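Next come two complexes built around chain A: one with chain B, the other with chain C.
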Partner chain A sequence: MIILCTKEDLLSGVNTVQRAVSTKSTLPILQGIKLSATKEGLWFEATDLELGIRILLPVNIQEEGEVVLPARLFAEVVRRLPDSSIRIESSGHNINIFYNDSHFELNGYDPEEYPEMADIPSGDVIELPGPTFKNMIKQTVFACAVEETRPVFTGLLLQIEKEKISLVSTDTHRLAYSKSLLNGNEKEFSGIIPSKTMQEIYRLVGDEEFLNIKVSKSRVIFNFNNIQVLTRLIEGQFPNYKQVIPQTCNTKLLINTRKLLDTVERASLLSRDNYLKTNTVRFNIENSSININQYSELGKISEQLEIEQEGEDVAISFNAKYIIDLLKIIETDKVILETSGPYSPCVFRPENNEDYLCLVLPLRN
Partner chain B sequence: MIILCTKEDLLSGVNTVQRAVSTKSTLPILQGIKLSATKEGLWFEATDLELGIRILLPVNIQEEGEVVLPARLFAEVVRRLPDSSIRIESSGHNINIFYNDSHFELNGYDPEEYPEMADIPSGDVIELPGPTFKNMIKQTVFACAVEETRPVFTGLLLQIEKEKISLVSTDTHRLAYSKSLLNGNEKEFSGIIPSKTMQEIYRLVGDEEFLNIKVSKSRVIFNFNNIQVLTRLIEGQFPNYKQVIPQTCNTKLLINTRKLLDTVERASLLSRDNYLKTNTVRFNIENSSININQYSELGKISEQLEIEQEGEDVAISFNAKYIIDLLKIIETDKVILETSGPYSPCVFRPENNEDYLCLVLPLRN
Partner chain C sequence: MTKRIIMHIDVNSAYLSWEAAYRLQQGSSLDLRTIPSAVGGNPETRHGIILAKSIPAKKYKIQTGEALFAARLKCPHLVIVPPNYTLYRQCSQALKVVLENYSPLIQQYSIDEFFLDYTGMEKVLGDPLSKAYEIKERIKNELGFTVNIGISCNKLLAKMGSELEKPDKVHTLFPEEIPVKMWPLPVEELFGVGRATSRKLRDRGIRTIGEIAAQEPGYLKRFLKNYGILLWNYANGREDSPVRLSGTIPIKGLGNSTTIPFDVEDQRTAHLVLLSLAETVGMRLRQANLCAGLVAVSLKTNEFLCFSHQRKLYLPTDCTSAIHQVACELFDELWQGEPIRHLGLRVAELCSSDFFQSSLFEKDTEKQRRLDKAVDAIRLRYGSHAVFRSVFLHSGLKALSGGVLESEEYPMMSSIL
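Up next, the complex of A and B:
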């Protein structure tokens, strides 16, 4: 393998794939980045066996070939290369990077041992709108479970039903749901995509108008720009989320999003350091205002926020973190809160937007 | 105590003093920030008994008084206050912060127990040029020792001898020295200032043309803008640094600063992860070039850098970190390197600048 390129080319490749490099694998070669010089250009590739990322860069290929290089060291060398023209030559499993009057030889792994990131030969291909899909990820990915005791809750349910696409996530205490139109689509798909994959899609999708996904029963490939993201699907049954979303309510509020966020953040300061670590915030909803009156050994807070109220007065307690998380991604000036009592699931929606909701279970106290 | 102010006032006060708050003291009240409402305005004050910082803010004082508030919680509350007008009233040791229709009550400490930050009644006052002094700190503070086994090496020697001011730091492996003119000064001072104090001075000095220092045998007060920084001096004898700075050399080089930094950073990547943790870089100086040829289990590097050379060829080994640290603060395009052999102290200076040098002891290998 012999290639001519710039520091920018190498940086772009490394930065795109590096987050798929395994950090905890016992298989040493998974700590590598694979470079494949082909007629198409230079492929960078990394995988942790669950997620794989590839990018093709149009550099000058003088001789084809493959190497696998230790990701962290290669990335640090690349970041410190000069802006001059760079020539890379492989020598067995190693490479020599030539720049100015100097060169750096990096010891690599045997590329034959690097796991193949297989294509999905006969999968359906579905076109998704780039900015919309990216926004749907932002609206839902935060509600995934972090603990891996029940794998289905660490992923997002992607459902495509002809002209409708939806993403759902839940950690069993809260649930986020976002849907959108998929004009002209005739195909169907349902699968649970790991949240790490979705975070990478969110990071890598730029201002592309569309991205393609190619789907099978166990895997999905996202294609956009010159990037491919391959992911395994999480096996298991996602809960029937539709039946937990209430269709009616006894109390409906319209609240200034920013003011509510500030209020809850202040109230949470009082309980954050306490030994119960509960971080509870209690909304006393009455007479078109939300009142919060709380105290701890650190002090007291008394907040009053004017709102528009329809229906009954009610007092509900929440985990403040869940309210803060969801209010941070609501972009409308006002947020709707719907509830049917202190022990019923509470629904938050942006004003004038039927495509998104976040449901939070109250705390019993 | 009753005051009217804005969020910006409170943020400014908290951000200025917060780094002097003790993080490891067993005396709980040192985790507090003291607020004193006086006729002059509102003083914010924090100390860890070694370093103290005070700032006076011109807010509307309705009633004088003092409180001491837990620093971290107060800072977080302040950051989350609305931009509306704010009223603070003390009630015993506690305060109530009023904003919009809400209020936050914070439990405080007994201000009587807060240690006094005493003035230096009869100390000499010396005026220092702000930007120059700030630059001198940057040029020297990095070479202080981190370990506290020998306290004098954790500080910077400040010497004022009439019209000359100098700062010196050393961790015994390297030494940084910076001097400047102090036009018209008649006074003298010599003392070892803790590096943490100097870092705070560096952070807090803005574009003030001058700052004053008031000195005594055991303490110093820096005054600038509306800020006072009080510090204890470190007791002990600073080494006689002048006798270790070589006055002659057998080899003198003129080197592109940026290229040398990049070269040493690349070379250090090879040894950084090795089990010896030495991070050695070896300069082979001959025929007007520096050659670096190194290898480890990770790979090899071969760098060649053209330089201007006077005098003998020589090969010297350094701790790469020390070379990287000093090259990062040299602002001239070219750096001078002077040495008298592989085991003699090596001096680095900016080109055309007799006011600064950094001396590094070579490694024996």
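Up next, the complex of A and C:
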């Protein structure tokens, strides 16, 4: 293959696909990025067999062909190229990058060995509004489980039912739920998408108006701009999340989001580094204020925050990290907190927004 | 800062001395310490190793940890007495009571070792050396066993000092005495140098503590990593850990294991043994107010091959049956059908149980926690076998194994000074 391009082209290709490159695969070739020069342009492609990302770049193709290059090294080389016109020629599995009066030769893998993206969904196309979907990811992805002991909790449940779309994530200690409308949609889908995929989509989706998805039984492909993201779905049954969301409450509070976040962050400074790693914050809610009085071997903090309170007084403890995570993504000035006592799930939602909620389970003592 | 004065008190052949002293007290005319004798486990239940030996037995080259059978070959008339842990705990406690007369700051380092911080006490009680002799004599007269006492300015040197010449001696090992008293000793004598480290040192021609001290620290670091720097400091007598009151060292993990009196060849029995271990592990965990985030199972076959598996838990727990369930799953993964001699259960990744993170989609553990709590309370009050699970009836197995409950205060050795 022979192509003419700029550093910018190569950089955007590498940056788009690099996170799909496998980091812990036993298949060495998966540590590579595949470049395919075709009539349409230059495809960059990377996959770890769970997540695959492809991007098409319109560059000047002189001769078609394919190469697979070691991802990390190629990315480093591209970042250090000068801003001049660049010509890439392949010979066998290797490539030569010509710039200025110099050239850089890189050894590659045999492109025949590179796995084809299998089972590309060919079903119905569902169109999703880009900015809305991106916001829904932001609102939910943080609540996924990190440990892989129970795979279903490492993903987000995407449910599309006619004009309704929702994303749900939980690590069993907290649950985030976001819903929205899909005007004019007739189709249905339900599947668990790995959180890594969602993070990549969040990173890659720009201000595009729409992204479309196609689904098969085990995979989903997201198309937007000139990018394709193909992902495996997580197998298993997502638990019935609806039954754990409380419908009533005994105490309802309206709190300044920013002030609460600052308060909890300060209080957690005292508890986060202890050797037992219990990052605890205790809210004493009474007389329309939240009082936090904490101490550790490091020091002591007393805070009082004025709030609007309806219902009973209550004292309730949380893992401070969970509260900080959710307050960071609430964009309204005020946040609503609903609870029914120190042992029941506590619901946080933005003021005047019925489409989002985050549920946090308290710490019992 | 004023110079510290630390004493290390070490009972000579602890188990054997205590046994001998006890027998003399009970009217026996024979002092076990004067004949070749040893404290040994019960070969019937396959705990048949030498736990402690008398000085005459040492002359027959009998080693601690050796099988009783092998020991009898070396010395056919060796007198072997069974261990009596209750007695040892009482002796250890009695020793502590004596030491408390000499300083408020005492650290029990193991069942037969104590650190005593004498700093400042010289103004009240006088010269440390003569006081150490007084302590030694008093223990001998009042309690009937002998100790070695090491005196220095830190815990390491005090401990090294008490190891110098045994039995019934007081040694000082102040920094100025290091070149004469400590440097000529072989590397194995240095605290923290075990089999593996000693091999690494000897391979490089480092044979004495003095030679460690003389090395470039960077050189030691190259093959012993940061531990090399620690050993280099130790070899130069530098160490600054405080004498800690007991219970101030955070626990990182805890476990119990047991050698089973017969080879286990079926899954059901193995699961029962794991249950008896889970009972003790769970109880210790709850007494320490902790929950575990990881469970590990180890097994040793009749051919002395060892295997282990571990798993992280979704939720930290302190519940006996939850730990047992995971242990059984791990065991089933691990076991290939070999006859089993020894089983161990360990928990780690501990977190406080004061605050318990509740979860969605999980069974409520509240009931189980209340049950465990009730059982613990009964056992603490009426003894650990006052209540046990009926599966152990006629099973020939102990309902709780691997002893060492916190309430029994059986102190363990630690590699942390």
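Note that in this section the second predicted complex is superposed on the first by the 361 of 365 C-alpha atoms of A that agree within 3 Å, B and C clash if a C-alpha of one lies under 4 Å from a C-alpha of the other, contacts with A are read in each partner's own complex, and residues count from 1 in each chain.
The working rule: a residue touches a chain if its C-beta (ideal position, glycine included) is under 8 Å from a C-beta of that chain, and two chains touch if they have at least 3 such contacts.
Model, not experiment: these values are computed from the prediction.
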Partner chain(s) touched by A:101 [first = chain B, second = chain C, both, neither]: first
Which superposed partner A:280 touches (first chain B, second chain C, both, neither): second
Contacts of A:244 with chain B and chain C, given as first, second, both or neither: second
Chain B versus chain C as contact partner of A:269, first or second or both or neither: first
Touched chain A residues, chain B compared with chain C: B
Touched partner set for A:317, first chain B, second chain C, both or neither: second
Partner chain in contact with A:343 - chain B first, chain C second, else both or neither: second
Partner chain(s) touched by A:172 [first = chain B, second = chain C, both, neither]: second
List of chain A residues in touch with chain C within their complex: 147, 149-150, 170, 172-173, 175, 239, 241, 244, 275-278, 280, 317, 319, 343, 345, 359, 361-365
Contacting residues of chain B [partner chain A, same complex]: 70, 73, 76-77, 80-82, 94, 100-107, 259, 262-263, 265-266, 269, 273, 295, 297-306
Sites on chain C touched by chain A in the complex: 250, 290, 312, 314-315, 350-352, 354-362
